[in-house]
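Below you'll find the structure I mean.
We call the chains A, B, C and D, going by the order they appear; numbering starts again at 1 in every chain.
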Amino acid sequence: MTRTHRLQARIALSTLSLMLTTSACVSGSGSQDSSDDPIVIGVSLPLTGDFSEPGKGVERGYKAWAKIVNDKGGLLGRKVELKILDDQSNADRVVSDYEQLIGRDEVDLVFGPFSTRLVVPSARVVEEYGMLFVEPAGAAPEVFTQGFENLFYAAPAVADDHYNHLAEYILAMPESERPKTVAYAAMDDPFAQGTAYGLKERLQKAGIRTVTDEVYPPNTTDFGNIAAKIADSKADMVVGGTQYQDGVNLIVALQQLDYQPKMAAFSTAPTEPEFAKAIGNKTEGILAPTGYTQKADYPSNKEFVEKYTKQYGKAPEEDEANAYTTGQVVAAAVEAAECASQDPDCQDKLVKWLRGNTVDTVVGPLKWDDKGRPQSAHMIQQWVDGEIQIVLPDAQKEADLVYPKPKW
Amino acid sequence: MRRGSELPSRTHGLLHLGALLAAVAVALSFPSMAPSPYEITVGIAILNYAVLSTSWNFVGGFTGYISLGHGAFAGLGAYGTGLLTAKAELPPFVALFVAAALVAVLAVPVGYAALRVRGASFVIVSIALVLIMLLVFQSWASLTGGSRGLVVPRPFPGMLRAEHHRTFYFLFLALLATALLSWWVIDRSRFGMGLKAIREDEDKAQSLGTPTYTYKLVVFVVSAAFTALAGGLYALWFGDLDPVFQFSILSGAYMVLMALLGGVRHLYGPLLGAVAVGYALEYAKVEYGDTPLHLVVAGLLLFVVVMFMPDGVIPAAGALLARFRRTGETSIREVTAAELRGRREQDDGTEVRGSERTTRGA
Amino acid sequence: MSAPQEAPEPEREPEPSLATAGLTKSFGGVTALDSATVAFHHGKVNALIGPNGSGKTTFFNCVTGMIRPDAGRVTYRGRDLTGSPPHRIARAGVGRSFQLCRVFPRMTVLENLLAAVRPGSLAGQLARAGGRAETERARGWLTRMGIEHLERAEARQLSWGQQKLLELAGVLMSEPELILLDEPAGGVNPALIDRICDLVRELNAEGRTFLIVEHNMDMVMSLSDHVVVFDRGRPIAQGPPSVIQSDERVLGAYLGV
Amino acid sequence: MPSLSLVFQSVVLGVLLGGLYALLAAGLTLYFGVMRVVMIAHSAFLILAAYLAWYAHRETGIDPLLTLVVTVPLFFAAGVAIQRLLLTRLRPATLTMMSVLLTFSVALVIEGLLGYAFSGTQRRIRLGYSSASIEFFGARVAVVKLIAFGMAALALLGLYVLMKHSRFGQALRATIQHREAAQLLGIDTDRIAGYGFGLGLATAAVGGTALSLDTTIYPSLHWHWIGPLMAIIVVGGLGSVPGAAIAAMTLGMLQSLLQLELSTTWAQTVFYVALFATLAVRPQGFFGGRLAQRF
């Protein structure tokens, strides 16, 4: 047993030295503010793990924003510099990332992460350090009911409002022509469910019957049973609260059953560039809400699309645009408040300014209510003649909404 | 065990005590040495790992039963504490202990199903437990909030974040100390001797009169309760719960990896493993951020530990040390070829005996 | 069924120790124990012999609770133990060794013995293992086996023979009245066999009953007071060694006639 | 109340799903039978095979079914290698526990490497006949699901014939039932155990290809397969291939029917409810082999 004892002593010692190294190693940097230093902006993004694909899109949007700003001379005469950490799509990590960015790296500003699931915990950290939190991805209703005072969502509308234009369109139809029954299927995810249930609430209120309402976990890969239930209900309309791949799978499963609704709306998936190929080009008549279009003629959008395309060799999508919008919103506040630092007064000024002003962005002019909800609406797009085109609202439409939809 | 009572000299005991005191001193002064709250959160994360893997080691270390599902108990402790605070409006720290007690109660039927039969079924049940809890907590959204998550009210409203971290650092430290102390008490007790006998040879232990099933069940429940306490404390500290993160097989696997790496037969093994793995994770994140290779690294590490040093680094280091010392231990061995053969048969024979084992109720 | 030999009765009726009635166990289609009814004598050295596959080990496992019989009863000194779990049977005073010696390989020799101590109360459970009294008792047994100098070695470092002695010491530490030994001479050199025989005699003289399964006929015949012969899962003969040695059925069973 | 046609549709879907479960559970049972090993990495190899099929299809456009020509022998060899090079080196006394950790680590490595190579994005093979279906007594059955079921059924049939009617099969069954007895009969049980492992992993190759035809794949998907599969082999009785197949069909069907009334998530719990019920009531399994008794 002698050996065991000596060993335990050794272990205790090595533990000690390890802990010392930890503290020695993680201390270190820490910068003094001066007007020549770049403005450092901290971000945590899911660059690996379940949300890595959209996470990388958001990263590209942020980087494009920083490049465009720096090419024009920076903010307040200072260059901007992004410090991006990977949170591995994990809530523990996202919180420790923002702790690190704010506490150890002493960044001047922060941008939000991706995915509603990660927005709420990270918003809490940032809120408790009293910093402005503009985020590109937390659209679910829960984000805005936590009592955050420094949070702003940098997109046209929260999830529940995505289908507002479509709901108005349906309710404006003569009652005999309206779809009378609807089948809903939504992924168990605050954002995806939010979009479908926002529409459901409005349609139900108008007396349009819900005949099926399915919620499936994000890991669902086989949609045979869900599709069977929807097809069996023979609903006039199907609404999918979907992300990308589950939307594709659901549509393919519905097509396998030869289910032909008069109207079919799915969030996110139909606006992705890969969509048409993924479902074998049987896209006719599928509807989808979108917060962004490359064709929008807001002045900053033309610049964004052009420079982004030059930088990345392809046009930006919604994730990129929302990230870019976040940058624009923060930049507007910084220029108005003429400061960018962790100093509570400065952060306070930034928040106050955004509360009371409208910001012009690539998704149009944005203003927020006192909970940080943006006050605009999403456009509705439809696949018409093999191309996705804006059909609602009338002011922006590129084509007429086709109803009832042709067979797929 | 009569560890220490017959040492040729007392110096080793003193050295041990001194090192322990020094470690405690460092642990206690760490928050005031930390340059920013971030370092304290890293400290908390590592302490949390240490409590979890030490709790795991009540089952893994003593009985040799490897549970991959302890993440479920941590998640249940977290959700239990969160729900009791948020919905039943219990005071946070009352909720913490009530939740741990409830998890302990739940561990009884789980243990009943898992431990009644030996070996493989235990592992299967432990993994299944995580997966089923994930499904239940996702589906039962009206109670748990489902994928929208659950917000746990702050136990100390109005406390500044840095102060909040500091407080929880000491709470975690206290929990770790309690867990280590409990492990130590069991380790040197007759109960612990019985458990270790189960680890070595369950049939043999039972034939000597140890009520193996009861012993396993008791220690399983104790382990679950400590794990739930760690999970609950984490919930109070962290504030946001999401089933996907609370009920993850990976977190259970990390507990195993840490304990195994440090050495399951030693009091400080899991703690050491937690410090090493926790520190490595943090370091890897800061240095090599954004590749999914951390899974590969964790997998390879587990692989190396299982294949080459199943007793952990402490005995591996000890063996290395012994090789330098070259003590006269070989003199005990007087093995003949026939005896070697016999021993090999003995090993193979495990299966024969296994084939005649039966399931045993309480 | 059970056809006990009309062996010459001993002067006094022996007190029954372990006894079974109609004990049956089959694995799949193979019947390992076929309604075995047998009784052993208290205070004596009993032996159980029979060809390979005659059900001896299954019998051991059934009476010690390691496997549950399909039918039949097991009693020990009149107390019904059928279906009891092994630790209850151990606590009733029945200790056993295993066919291929089993010790706790990664525990020290002393710990191997301390693990056999059975605390009663909760406080006793949590009390420190290896108190003065039980350590002294453990050392007593180690000394008796002649392996006291190895007390702090891990059991796996011991030689095969030493492990056999350690296993016996462990069983004795659990204070059994009846000790079941499964092939105590298996794989052991002649000197050690003599040693084990001496130990059995001494311990028997001190009042412990033995039931030994053994292939070494010299050992069985020299050591035992009462021999039971198994074939195809049931006893075919029983009696003192002298009678068994000349029993035709026994010879038949062994030679496969 | 769901309509009759919907119930029938669900039964058909349940059978199709159960077939795949049966094949994969058969593999898991083989490992357990020959080595008493719970092979956690089974489903990780399943996903690996699906990725290989997807990758080959994306790069060259060949039909995913053709990848079987490569993956089946490859996986067989990998199975033999895992058994011979890794598992036999573990200490017999702790084999059951340590093998779980070992195969767990293999699963982690596979998942990590897949994530590294192909990112976490969900993938799906696009086939010309992806959305085609045929009518079957009023139920609509997707062609791809039928093909997947057909593959599973053929592979299971092949396994059955191999185990029942070949010398190797006899040796394998003997090894599963009683290793020592098999050794006494002159069977080289080490070699047989290696082949048994290879065979088990080959089922993952077939299953993975079948899976890739109709569903999305992503690196961490294997966790959602291993749970149900482990439940199936316990319910079916550890070590019994027919038991596993029956349990797979039953539970697959139950899951499909439960989805009529419950949400997808609740329906998935049927596997675990069955698992716990089995262990509490009848630990040796319901259809099963005598093997389970011993553990």
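Here is the rule we go by: a residue touches a chain if its C-beta (ideal position, glycine included) is under 8 Å from a C-beta of that chain, and two chains touch if they have at least 3 such contacts.
Since we're looking at a predicted model, the values are computed, not measured.
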| item | value |
| --- | --- |
| Remotest chain, subunit D as reference, centres from CA atoms | C |
| Chain pair showing more contacts of the two, A-B and A-D | A-B |
| Length of the line joining the C-alpha centres of subunit A and subunit C, rounded to whole Å | 73 |
| Mean-CA-position distance for subunit D and subunit A (Å) | 37 |
| Averaged-CA centre spacing for the pair subunit D and subunit C, given as whole angstrom | 45 |
| Junction residues of subunit A - those touching two or more other chains | 1, 48-49, 52, 188, 217 |
| Per-residue multi-chain contacts in subunit B, two or more chains | 1-2, 135, 138, 291-292, 294, 356-358 |
| Subunit C residues counted as touching two or more neighbouring chains | 105 |
| Subunit A residues touching subunit B - in the complex, by the definition given at the top | 1-16, 18-20, 22-23, 25-28, 30, 47-49, 52, 85-86, 88, 90-93, 95-96, 99-100, 102-104, 106, 117, 120-121, 124-125, 128-129, 140, 142, 146, 188-190, 217-218 |
| For the subunit B and subunit A complex, residues of the former touching the latter | 1-4, 6-8, 12-13, 15-16, 18-20, 22-23, 26-27, 30, 33-39, 41-43, 45-46, 135, 138, 141, 146-149, 151, 160-161, 238-240, 242, 244-245, 266-268, 271-272, 275-276, 279, 282-283, 285-286, 289-292, 294, 314, 317-318, 321-322 |
| Parts of subunit B lying in touch with subunit C, wherever the complex brings them together | 1-2, 185-186, 188-194, 196-197, 200-201, 203-213, 265, 329, 332-336, 338-339, 342-343, 345-346, 349, 353, 356-358, 360-361 |
| Complex contact set, residues of subunit D against subunit A | 2-3, 5-6, 9-10, 13, 16-17, 115, 119-122, 124, 126, 128, 130-133, 140, 142, 145, 214-217, 220-221, 224, 256, 259-260, 263-265, 267-268 |
| Interface residues, subunit A side, partner subunit D - complex | 48-53, 89, 188, 214-217, 219-222, 224-226, 228-229, 231-232, 244-246, 248-249, 252-253, 255-258, 277-280, 282 |
